[in-house]
Structure formats: C-alpha cells, structure tokens
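Across the two complexes that follow, chain A remains constant while its partner is chain B and subsequently chain C.
Now for the complex of A and B:
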C-alpha cells in the first residue's frame, strides 16, 4: 500500500467514521471539511509515527502539513529522509 | 523503565524542600485570608531557579531534565503551604516560557526568556473564553493581519496570572474556515495598545493566585510576536498541556505525601475510646487507600516524565496522569479532613484549604471528563 492509500484508509476507518465518506481526494481540504478535528489529529499523528516509523516534531503540526492527503504524504516523505 | 532517582536529583529535591520550608511559608495564612499574591516568594523562587528550572543555561535557566523538574515540583508541593504561588509559577513555566522555548523565533527567545527565567517578567496563557471552555478551539477571539501587525479582538476568561502578568500567550482565530487548525498563538505584552485586564476573580480556592479576565480590543500585536506559524495554535496548546499535565500535577503528589505524613502522625497520637484512632480499621484503611493513591499518582507522573525524556509523545499517559492525580488529590484531601475531624474542618489547619485548592485541579488543564474523552478517543473510540 502506498503512503497515500495507507493514510486514506486510516482516515476513512478511524477518523471520518460516520461521515458517510467512501473515498478522499488527494487534495481535498480535510480541515475545512471538518474531517480532522483536534483529537483526530492526535490519533493521526500517532498512527503516522508508528506506521511510517517517523517522528513528527510539534513545530510541523501546522495546517500546511495536514490539510490534504497529498500534504501529509509529503510530510511523511520529508520525515523519512530526515 | 527505570524511575530511580540519581544522587543529584535526590540532593536537589532535598534542597528544594529546605528552601520552600524556609522561604515560602511565612505569612501564608494571612495572604490566603487577604487573597494576596506572594511577590516576595515569587522572587525567592526565581533566585532559587524555579522559574528557569527547565530552561537552557543560555537564557539563565538551570537546564534540568524533565524528571528533575517533576521531582522539584513534588518537593515544592510537599513543603510549600502556598499552593496559589506554586500554581502561578507553574502556569508561567509551562504555558508561557516552555512554548516560547519550543516554538519561538530566536528574536522571541532572546527577548523574553531571560526575563521570564529570572522572574522579572511574569507570564501565562489565554485560551478560555466565556462560551468556549472544554471546546477551546470554538473560540470567538479573532486576529486579523493588517500590514506588519495583527489586530486581535476578543475576551478571555479565567486566565491564571492575568492580573499580574507582563505577557500572555493569547490564542486567536486567524483562519475561521479551518476550525482548530485556524487558531494561532501570539505573545502579547501588557503594554500593547488595546490590551487590558479585569480585577482578580473570586474563586473557591487558589486564593493567592491572581486569576482574571483579559480584554483585547483592537489590540495591536507586531507580526514578529506570532508564535510559530499561523495555524500552529493547536500544536502549541497540545504541547503545553502535555507538559503542564505532568509537571504542575507533581506539586499535588508532593502535597499528598505531606498530608499523608500529617494523617499518620495524627491517627497515632489522637486517642478516642482509650486507644489511638488509627487502631480502628475504618481509619487505618483510609490511610492505606491514601497511600495507594499517592504511590500510583507518582508512578503515573514518572511514566510521563520518562516517556518525554525519551523524546516520545505521551498524550494518553499525560491524560491518565492528570486525571488520576487530580481525582486522587481531591479524595485524599477529603480523607485527611475526615481523619482530623472538626480540627480538619477548621481554617486553623490547612486541610479545608487544600481541598478547595485541589478541586480546581479537576477543572483546569482540561476537566476530568475531557481527559477521559482523550483517553477513549486515542483507544479508538
């Protein structure tokens, strides 16, 4: 599974539960749509750190890095390189 | 996991206890009655290094690791009878100084940290509003960029240190479309145009800790005082809360240890029906339960400190610690009061004051119910 697929799968099964979403577009704004709230973000960060074996510094927890699947995938790529 | 303390930590803990007993308790009863902040105690704590405990030496701090900070706070909680002063100091450290160190620009760190460490500046943070408490990110306070500054409008409630603070970390919405991710944090000085503070609020406890309302009316904040990037408010707030939930609550563990010692002495000395009251199982079981809660509270906090010292996140563990310590402290205060009978109920002793102070711990830094929500949510519910 690619990073993008894995993130989409996690969001659909763990965070966006009950919202009736079957897919998420790679550039869909998940913050504006209210799909990720503050507790959801905490869960998502734990998942990303564990699943991709990365550490996301608190300073990187900003909207640019979490507003869409593509943004998150870029963040993962960057942290893997680091 | 190894929670054993180093020799240095044991020595520092002892010196913090001696310091607090000597320097912080004189006149505590009077100040409590007059709802008076202990400015002299604040200054003495700064001289001892409390305000700069966790800060790098470069800014005048002691550069202590988190375990030493927790142990020191425990020592102060044990020996200092003025929990309002300790509450004010902890808010200053964990909700103002620490986020500036972690998220601040070089300019912000150089400008504010040395004076926050030496105690000449006092800080705090302003998140809560009249209509947004637990649901903190639904705040109304807005910050709009106008040229090289932000203009902030809104009112904040229940802000620790507000009446005495020189600067506050103010949270405001910069992008209303983005929900919690549209919240940013600003370092606001008391002298900025449009910033004002109400009178200290009258609360049930923590009477020596000034807490008040903050009004921001077209308050002008230079853009260099935005902390972190726009939208980083959520991350800053969560990071602050993780630290506060471990270090501030260490003072409660210290206070629980002191109360337990007092209770054990009392039940051995106080005679009724021809024997020490501690010889009644109904009383000795209370003591045993108090000890269990104290030990488990300490372990929960040390686990958070250990995780953080490994550079790990501790959202569930810090919520568990905050929930367990604050609830346990209230229960132990109730038992201590009961064990001391009418003397416990009297204002001559500290037990009724401790109970009033302890109850606040179930509300600030996220209520007990919200800690349970965090734990459940992170367990996948």
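Now for the complex of A and C:
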C-alpha cells in the first residue's frame, strides 16, 4: 500500500468513521471538512509515527502539513529522508 | 443608575471608548462605535422581522466579527439569544430550535443552506436574518429571509431600531449542555445572572481597556460570557481565535505571541496541549498577565511548564457550571514539587455563597469531610428551558432557609474542604464526566446507542486521560442474533451526537456485567477495558 493509500485507509476507518465517506481525494481539505480535530490529530500522528517509522517533530504539526492527504504524504516523505 | 442589561455595557463603552478596537478577527476589526452602530442595525432588522421582547433568536456562526455584532443585536431587540453550533449535527440543532421555540435564525446564507440540506424535516423557524456580503437570493421553503450586509450598512441608519425597556430579570440567553435523557438541556440565564458575574469578574481581575482577551470558547460554551462581556464592559479588545488554531498548539502559541494576548480563559485541556506540543521555548509569551483554566483537571507538570514560559501571568483554577457561572477560584501560588498534587478548586468569588451538604444534609465544615456542593448567588439561573421536572431536581430550595423559597443550584459535584478552607473536587454524584472541557452525561450517549434497533444495552465508559480529561469508550450488548458493527454504530451516532460525545472505540459483549444491586457494573467494565488487549491506547 502506498503512503497515500495507507493514510486514506486510516482516516476512513479510524478518524472519519460515521461520515459515510468511501474515499478521500488526495487534495480534499480535511480541515475544512472538520475531519481532523485535536484528538483525531493525536491519534493520526501516533499512527503515522508507528506505521512509517518516523518521528514528527512538534514544529511540523501545523495546518499546512495536515490539510490534505497529499500534504501528509509529503510530510511523511520528508521525515523518512531525515 | 448601574447598567442593568447586558447591552448597556456596550452602549456605555461605546460612549467612553468610541475608537478603541472592540473585536479583532484575523485581519479585520471593529471599533466600539462600529459595534454599537452595527448591532443597532441588526436589532432594527430583527424588529422589522417581528421579533419582540422575550422571543428566542438562534445565532449560528463560526467565530467572526458578525457573530459578536449579531449577539448584541439580538440583546438590543429584547430577544433571547440561543447559540447554535454550525458544526453540531443537524438533528441536534433542529431539536434545540423546536425545544426553545426559536422562530428566527440569524446566520450566514451558507450556514442556513447547509442546515436546510442536512435536516430531515422542515426547520421550525419562520424567519431568518442573513448576514453577509453575498447578495445571493436564498429560498428555503416557507422561511422569510432578509439579508443584511454590515459592510454597506449606512452610518447613522439604525434600521428603525426602537430601544426596548425591560428589567434585569428578563432572560438574556439559553446555553445547552448535555442532558441525561438523551437530549441536551437549555439553561436559561437572565441579564442579572450574567451581570452579577461580569461585574464581579471585571473588578476581581482588574480588567482595563488596555487588555486583550483571547476568545477561545465557542458561543454555546459559558466561558464565552467572561471573554465577551467582561472585555466589552471595560473597553478592552476581544481577539477571536480561529477555531482551527486550538488543534495546532504551535500555531496557538504563535497567535498568543503575535496578538499580544493579555487575558487567556479556556478549558484545561487546551493549555495542557499547548504546554506539551506548543514548542513554547521559541515564543515570547510575556504579554499574558492572566491565565484561567477550568473544566477538567490540570496536571501539575504542565502547569509548571506553563508558569515557566508565561512569566508575567497569574494563574487561576476556575470552577463553575453554566447553571451558576464560575463560583470558585484558586489562585496558583508556588507550585509544589509533587506531581500528584491535586489543584484545589478554591474558595468562592465575592458575591457567591457556596456550601456542601453531607449525607445527613448538614453543612460540611471539617477538613476532610465530603459533601455535595451547592451554589447560592444572583448568578444562579432560572432553570432549564421547558423542563420543569429537571429544573426542580437541580434548582432546589436552600435548606439553610427552611421558611423561604430561596433557590440554590445543586451541582452534583462532591467536594472536601482542606486545612486552608479550600474546596477540593472529589467526584460526582451521577454519571457526568468532562472531556476536553465539555460536560458529557454518559446517559445521553447510552440513550442514543440503545436507540439503535440492533442494540440491547450500551454503556459509555470514561477512561481518565492527562491531556483531555477523559476519553470515552463504549461497550455494547447487541440484540440476540444481530451482528451490529462498530462502523454501523459510528454512522448511527454521527448525525445524533456532537463529535466530542461519540465514543472513540466500541467493544461488543453478549451481556454486560451487573452489580449485586442489578446495575451495570461500570467499575468492573472500566478496569476490564484499561487492562484489555482489545483497546489500543495511543
């Protein structure tokens, strides 16, 4: 599974359950949709750190990095390189 | 004569500080004279729509200058404002509209459209006042709507606004909190109730026109009363915090620094997240002089961190409920080295009379003895809107005055007194918990879950958590032969419960453990959950 797919899968099964969404577009604004709130964000970050074996520094927890699946995938790639 | 209605505070400040900035949101701001003029236009427009003294007007905005203008407009028209959260499920909003008898909704064209789209039935409102610059023609069945743009509103034209004479005993707003019957309950607050607290707080905390309040709490949350009205009374600035920033602690810290906030008032969980993830060492937070936290328990290790980074701030643990506003506070002095120290909820504010009754209905006076806390003050609300039974249970005659029908608020909180006369929170008499500062009646969640056709019984279990207060889990007993799943139940809850009330995870059992008295054994379930492999605690 690609980073993008695995993020989409986690969001749909763990964070956005109940909204009845079957897919998330790579550029869909997840903050605008209200899918990510503070508790959801905490869960998402620990999933990303575990699943991709990275550490996301607090400084990187900003809206620009969590706006959409594409933004998150970029963040993951960057942290993998580091 | 003293100001006896909430909007008098604005009228007086607009005369005294016409050019002070009253409200700031992102790049926009309004002065006190703007706010006074624009809110009169709204009041005039509401009156033209037929709104009269005592009518309920729903106010549905996300954080915006328009929201504050609309709030004062409603008050000036003599009506009662009822905040409706644009992010709340449509069914919940519809319930509030029906239950409060809201006739008119003041909102944006976009919010009304979304609400109409998501509602199963026709909305119960007959009129709407739409605020916005887009002159889009909105047609929503039988709702008569009127549009008003604050930007092009002519100076001096108050839209025919007629000042309304009424007394301070008139209801001013209705705030909804979680209800154990499965529906939220609306606490009706009078002008006097609110002003009693506002006047006390403005003087107790030495608020001046040079203060800059960060308005974090949404309007449907009673912390907003302090932020908005205390600031307005003193001619200070209200800096509205965009909702999304509280999710991103780094941005929140940047915002406090950039906006030079002097007064902060929020639930504890926002501050614990800020301390834990805000990278505070890279910010200058010296502008803060007052930091209030409330709602849930603040872990000492985070408080210590905040105190180090907010060097000029005085910290207060604030205790209260919507029904009686904040009644107790504990000023934080030296912070003990012991991380297990439980911060007291402190002593009553001036003009509050607070006492605790033990099982024999005697006032608790010895350190260590436990009792239920009661609040007596002019801040105590009339009761729950359209709910005499529930009001009678919580707003009760003061047992200390058996010959009078003097009403006190029965909080349901168990407390002890310490050696210094401070109250300490020790638990609840019922199943209400706090999560991220929100009051949650576990029964409200359970009622919704049990309403699913394939569910026999459901129990909501709070698991204490340092950062958010409590995390909510649920255990479900499905009907025999039914295989209802987590996803189906999440889908069922989403349109019925606000997001913070939907259990994070659900587990399924053929039956629920019972105590010897035949009640569900919550304690046993809680212990099982914490120790079970089935639950992932990130």
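The rule we apply is simple: the second predicted complex is superposed on the first by the 82 of 82 C-alpha atoms of A that agree within 3 Å, B and C clash if a C-alpha of one lies under 4 Å from a C-alpha of the other, contacts with A are read in each partner's own complex, and residues count from 1 in each chain.
Here is the rule we go by: a contact is a pair of C-beta atoms (placed from the backbone, for glycine too) under 8 Å apart; a residue touches a chain by one contact, two chains touch by 3 or more.
All values derive from a computational prediction rather than experimental measurement.
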Based on the shared chain A superposition, would you classify chain B and chain C as clashing or fitting together? clash
A:42 contacts which: chain B (first), chain C (second), both, neither? both
According to the stated criteria, A:51 is in contact with first (chain B), second (chain C), both, or neither; which is it? neither
Per the contact definition in the header, classify A:19: touching chain B only (first), chain C only (second), both, or neither. second
Shared chain A footprint, chain B vs chain C, residue numbers 31, 34, 36-39, 41-43, 46, 58-59, 61-63
Chain A contacts chain C in the complex at 13, 17-20, 31, 34, 36-39, 41-43, 46-47, 58-59, 61-63
Which chain A residues qualify as touching chain B in the complex? 14, 31-32, 34, 36-39, 41-43, 45-46, 49, 55, 58-59, 61-64, 66-67
Sort out for me which residues of chain C touch chain A in the complex. 87, 244, 246-251, 273, 277-279, 436, 467-468, 471, 486-487, 490-494, 499, 502, 504, 538
For a test of understanding, state which residues of chain B touch chain A in their complex under the given definition. 102-103, 137, 175, 177-182, 228-232, 234-236, 238-239, 311, 313, 315, 373-374, 377-378, 380
